[in-house]
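Okay, got some structures for you below.
In the two complexes below, chain A is the common chain; its partner is chain B in one and chain C in the other.
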Partner chain A sequence: MAALLAASMPQYAAEPAGTFAAVVHQSNSTHNLRFRDLVSLFEGASREWPNGSAVVLVERDAGSTPFRYLMLRLLNTTPGEYKRSLQNIEYRGEAPVSIKILNSDAAACQFVFNVPSAIAIVETNSLASPACSGIQVLRIDGKLPGEEGYRLK
Partner chain B sequence: MAVFVAGAFLGSSFGIRGLNQALTSTRDLYRVDTSGSQMESDLEYETEESRRAFLYALAVTDPNDQLPYVVEARQASQRVEQALNRLRALGVPEISTEVERFESAWTKYDEVRDDIMALILEGHAAAALQVESQRGQPMFAAALASLHALKGALEVRGRSDSLRVNATLLRSIGGLAAFGLSTLVILGLLIKANRSRRQTLQWLHATNADLAAAKEIEGERASILELVSTRAPLASTLEKIVALAAGRDVEAGAAVWTANAGEAQLQVTANLPRELAEALKLHAPPQSGPARGGLEEFSRYSAKLAAAFGFDASPAKELREASGERIGILQMFAPDAGAPAWQPTLDQMAQLASVAIENSLLYERLAFQAQHDTLTGLPNRLLFQDRVQQATRAALRHGKKGAVIWIDLDKYKQINDTLGHRVGDEVLCEVARRLQMSLRTSDSVARVGGDEFTVLAQDLAQPEDAERVAATLLASFALPFELAANQTALTASLGISMFPEHGEDPLTLLRNADIAMYSAKQAGGGTFRMFRSALSDSMQRRVLLERELKTALERNEMNLNYQPLLDRNGHLDGVEALLRWNNPEAGQVPPIEFIPIAEETGLIASIGEWVTRTACRNAARWLQLGYDVPHIAVNVSALQFADGKFTALVERILRECGLPPSRLELEITETALMNNLVGVIEQIGLLRRLGVRFAIDDFGTGYSSLSHLQNLPVDCVKIDRSFIKDLEPGAEGCTTLVRGIIALAHNLGLQVVAEGVETAQQLALLKTLGCDINQGFFLHRPMSEEALEQLLRAQSPPTESVQDVAEAELIPSASPA
Partner chain C sequence: MRLGLASALALLLVEFTAGAGAAWAQEPPDDKDQVIQKLVERVEALERQVAALEQARAAQPGPTLPPEPTPITSADAPATDATQPDNASRFNFHGYADADFQRDVDGGTKKFEQGEIDLFATERLSLHLTALIELALETDAESLADDVEINVERMLLQYRRNDFFNVDIGSYRTALGYYSTAYLRGAWLQTAISRPKMFTFEDQGGFLPLHAVGVSVNGRVPSGSLNLHYVLEAGSSRNYGNTGGLGPEPSFNRATNLAVFSQPAGVPGLEIGFSTYHDLFSPEAGFKLNRAVWMVHFVYVRGRVELLNEGMRIDLSDGSSGSGTGLGFYSQFAYRIAPSWKPYARVEYLNAYGTGVLETAVDRLYVPWKTVYTGGVRHDLTENVALKLELGRETDYLRPSYITTAVQLAFTF
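Entry: the complex of A and B
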């Protein structure tokens, strides 16, 4: 079934390569996320952290490698479908999904550094930059980037 | 001599000791005076710098533009901390209390400012401004007050050091007089040291003056940005900006033009002779306006004008918004003899003016968008209602009439569904254009919904005038529409309500025009109808339901009830989710009344998705709680299969909710199946392969071919309640029919559910006939979620094994790799 759906999905860009990291504010009490929960956050299905604060999704600009990874691999959708599904959430009268588009991984890291309820997906190569210091890299299914079985790649 | 020598010795000793003390005091004074003053200046500068960066962040909206300012504010804060540490390291006890006080006040402000910056970045500008005004500004003022106290303490300490040095110097003069030449030499050294100290202090004062000037500039910038962020009128903000020119050079003036429909429009001038300002206003170079390029030509033209009044002009500086579009021009002027160095001031003014104009344009656009439809540019419902309100008041005052006309395009949905949304949007724009062309300038047209337009016609003498307007509007549809390279005829249905006869407020008039429009629609469309109070109640109710249904989900007016299904032994076999709509105006509306409307209006897709998701979410929760609910049944409309995406949607919902597919049963009527047999069956097949069960609902009421029944990919047949209603001992005809359906279904390997079981006799008879599952009021009435949970608790205590089994059946999460 999944293969059938994937086959019918338009391919709008080349497959994104590399390893990616989910980063949050240093004070965020969530240190580990299940892969399913990460997908759920970016799909807008979950919109609150355990402490009740509203999640702010930080996404990269369309065309960037992290954005293509988000669409093609993480959410298995297209930007158009994604937009529609988020609009549907609003239509249903639920709390809207808060999304911020940043032009670079460094800007995404700086945003997360300044906003306690933000979460971003950036390339792991960017984590070494000064802009990405002082933020927290989440474990996904208990694994950090570089560890065996890490799924964000 | 010995006395003199002793005196000289004592005098020299006294003088040297005094000199030593004076030197120590001078060093101490120098250390505290210079280092302390410098650090205090650093502190004050960085404090303002942090504040300035923060205000800049507040003045822009894109997080990519905000972030550099946020980073700058944080860095300035770090430098404040460093300056504080250096001050503390001086070890001056007289200022330690003030240092601690300032640090405490600054830390508090810094924390609040971090919260405000997070709000700004999250896009909550209004909340940020509120926290800023309620907490940020008072805390910043408190920090500044502490800083000024610190500055005062430093000055007191400096004065006391100075007095101490003077006293010590006086004491040493007596000894030095006795010691003679050597003492004079030392005195000379002291005088030199003192002169050096004075020079250092003079230099410090000069530096402080420069810093004060820099702070004044920053202060002006901050106050201008405050004006921008508090939405002060653009003209007054620009006046303050151009006044900066005179602040730098008393003879310099400036002017700002903004782009208005592609031409330069002089907004404000400052410090220019009235005649020159008038000339610039009257003779703005029209062919080289801000939006058209030609900046050099603009410069030359205005320079020529200025020269006629004895003024030099700077090169024109263009003002751009973040997108790069030119939004204005700035130019400085000064008398011939005193042309200043333009660039620094010009750059500073241009930056501020760009921010001010961009923000003003942004607010104008937001205000426009709040009252207009973005697709057609027509007024939206809000603005239209306001206009109707004004028109009805004016009509009452002057004893005149007017009309509200509701226009609904006939079969627009078909165009949208078959030719796509882009073509649909083109149609709406063309309709908007034609309607505008058909009206007088005093009339208004608005777009109030997807394919719904409204017209306000004023100053009418009689209803026939309104009918003439409606006829003209209808005539505008006579020419075919060019759609996707084809010509297509399009018609509309119009409803008219007159004021004051049919209502005196916008809502009543719109509602009555809508009812009249529906009457036109019932008459076949392509025509208009005048509202009559005699229009049937059912029509009014239909219009009401259609209008209310559009926002029913948003307003949480829908909920699900659940009715248990029991097997032959009375054990729970599943629950059916039943949609309920409770509207404040229409009351409790049964599904049989609103589902057809939802299907006609296309709302069935979103309502169906909400029902499926809510039912699955609850079923998953019950499983997690350990209640064994074998399956949840959800009714689906054939229209939900129409776009071919239903299978993907169901799979996504199951995955999101964590419900095993085998726990979901979808019920579809046999009529729906028959209408789109191939397309629906294909999608049902995909979902069944996933594990989802399917049932034919209301079996026996449609027109299904028995030959198709064996090919239908379903698991269950639900016998319609009309058969069960008449089922009783002695009713042979009915009993035979039910027996036949059960036997037929069993032979095809299908399970049988009897709906509408209301008596013990019916239940007993159904058991005798071999019916597998029963559902009806006799067994359980539909109940709320809470009531069902109580029932589940009472009948089957939670067990962990249910949860384990359910988890094993879940759809695996999609892997990105």
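Entry: the complex of A and C
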């Protein structure tokens, strides 16, 4: 018990800095997402694209800046509560949320390049890398990264 | 690499035939369907990739194609298939367990207690079929090694056609209100230690029919931003009465339930719904009661906030010889104040009354509690382990009010 009490959850107090982009496969017919729909996708509340294909969420490793952004800003949750919420979906008998965890933005972009139904959140700085050049950056509420009023930051 | 459609299809064909030959050579005949399914999925993935490449080439003014996807390096990728989700396995398993210390939870004891062990597994049998099984090992009454009860909590064959039409056949949890299906077993999943009293399990004195065996049809209703869902259930409820005929005869207690709820697109996290349930119920030999349960719920779970509200009315009638009614509600509020701390509070109320053979005194013999106030805090020690502390005060019709305390260590594995 003492060991458990001494153990601490990873702290995500530091606000993630920078701007982020939601990226999908080139063939994805969705080019614009409302901010709340993006949140729904990563919460697991929506699990299908409009064409009926199952969404695969690509997330970065715990502690990375995109992951902290996902937890602190996009979902306003903690890794523990997020896990509980995703397990609860499965436990209710619904289709489980498909998640791929990768440890770099380049790997996330490559995964999205290879999997038509995947979506990832990466830092906009990474979009210039060759690995991210063959994928589609989504508009969020009609705006691309860098435009006035863009919300993923 | 430039990939024309013809060469891509040729590559596809080679991969299909080679893959099929190799797979069938390795798989026993019984697994042919699975092999075919895998190949179909693979072919579909390759077709999508070819279409994407063709689309990209058509969109380019020059001959330049999108850059070839470089293989994920070993430093970046885990050892699993780099194009599959981490939880893409056909078999998923989760376990939940808890250990508790309770003082006066039943009004007069103080003890350490091993909680229940909940084993949950699903196996995707094909594109549309999934098997689900949940076993609860109830250790709370264990005094000898072989005293542990094993409950088949759920055993379902699920047919998932699409968002709008799904069928579950087998032993299911009735869609009565919200809590019954949102937090089934598994102490780690729920914020508080105790469940709302109205959702006490049948074999622990609960009066709501939380389990049934039969068919459940469920899905979404095309309803725009209202985002309506429906659940239609028909089956046989569990019957704990010593009935001398009614209990073992499932055709007697024909349980039906209709639940409709909305998860409005404009307010993510909000769910509003109702359910209406009807069956025959026998609390004791000689009683064949018509039971009807109506429930409404208003729930908001999002971010730091967890707000659960449910109201209930249960009617029991025995023809002209009497009827009983229960009216109750609970409200629970929890708010995460720090990354791993979540205090909560809950208030519950129930009033039971009746006439004839189901007069008020008889009703209150079965459902004696009146109000329950509960407060506590959940502290997530790790992503898989939670420590909870809880205080409660209960009043009922048969004895003086009493204070309860409980500590729980709940975890998932």
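Rule of thumb we're sticking to: the second predicted complex is superposed on the first by the 140 of 153 C-alpha atoms of A that agree within 3 Å, B and C clash if a C-alpha of one lies under 4 Å from a C-alpha of the other, contacts with A are read in each partner's own complex, and residues count from 1 in each chain.
Everything that follows uses one rule, which is that a residue touches a chain if its C-beta (ideal position, glycine included) is under 8 Å from a C-beta of that chain, and two chains touch if they have at least 3 such contacts.
Nothing here was measured: the structure is a model prediction, and the numbers come from that model.
Annotation for chain A, partner touching more residues between chain B and chain C: C. In the overlay built on the shared chain, the residue A:36 is in contact with chain B and with chain C. After overlaying the two complexes on the shared chain, residue contacts for A:153 are found with chain B alone; chain C is out of touch. When the two complexes are overlaid on their common chain A, residue A:27 makes contact with chain C while staying clear of chain B. By the touch criterion defined above, A:74 lies against chain B but remains apart from chain C after alignment on the C-alpha atoms of chain A. When the two complexes are overlaid on their common chain A, residue A:134 makes contact with chain C while staying clear of chain B.
Of the two partner chains, chain B and chain C are each touched by A:103.
Once both structures are placed on chain A, chain A residues 1, 4-5, 36, 39-40, 43, 45, 56, 76, 88, 91-93, 98, 100-103, 107, 110-111, 114-116 are touched by chain B and, in the other complex, by chain C. Those residues of chain A that touch chain B in the complex are listed here as 1-2, 4-5, 35-36, 39-40, 43, 45, 56, 69, 72-74, 76, 88, 91-93, 98, 100-103, 107, 110-111, 114-118, 151-153. Taken together, the chain B residues at the contact with chain A in this complex read 63-64, 67, 70-71, 74, 114, 117-118, 121-123, 553-556, 606, 609-610, 647-648, 651, 656, 686, 689-690, 813-817. Considering their complex, residues 45, 48-49, 51-52, 55-56, 66-67, 69-73, 76-78, 82-88, 92, 94, 120, 122, 132, 154, 156, 158, 160, 162-163, 168, 172, 181-184, 186, 188-189, 263, 265, 268, 302-304, 336, 339-340, 380-387, 409, 412 of chain C touch chain A.
Considering their complex, residues 1, 4-5, 7-9, 11-13, 25-27, 36, 39-40, 43, 45, 48, 52, 56-57, 75-81, 83-84, 87-88, 90-93, 95-104, 106-107, 110-111, 113-116, 130-131, 133-134 of chain A touch chain C.
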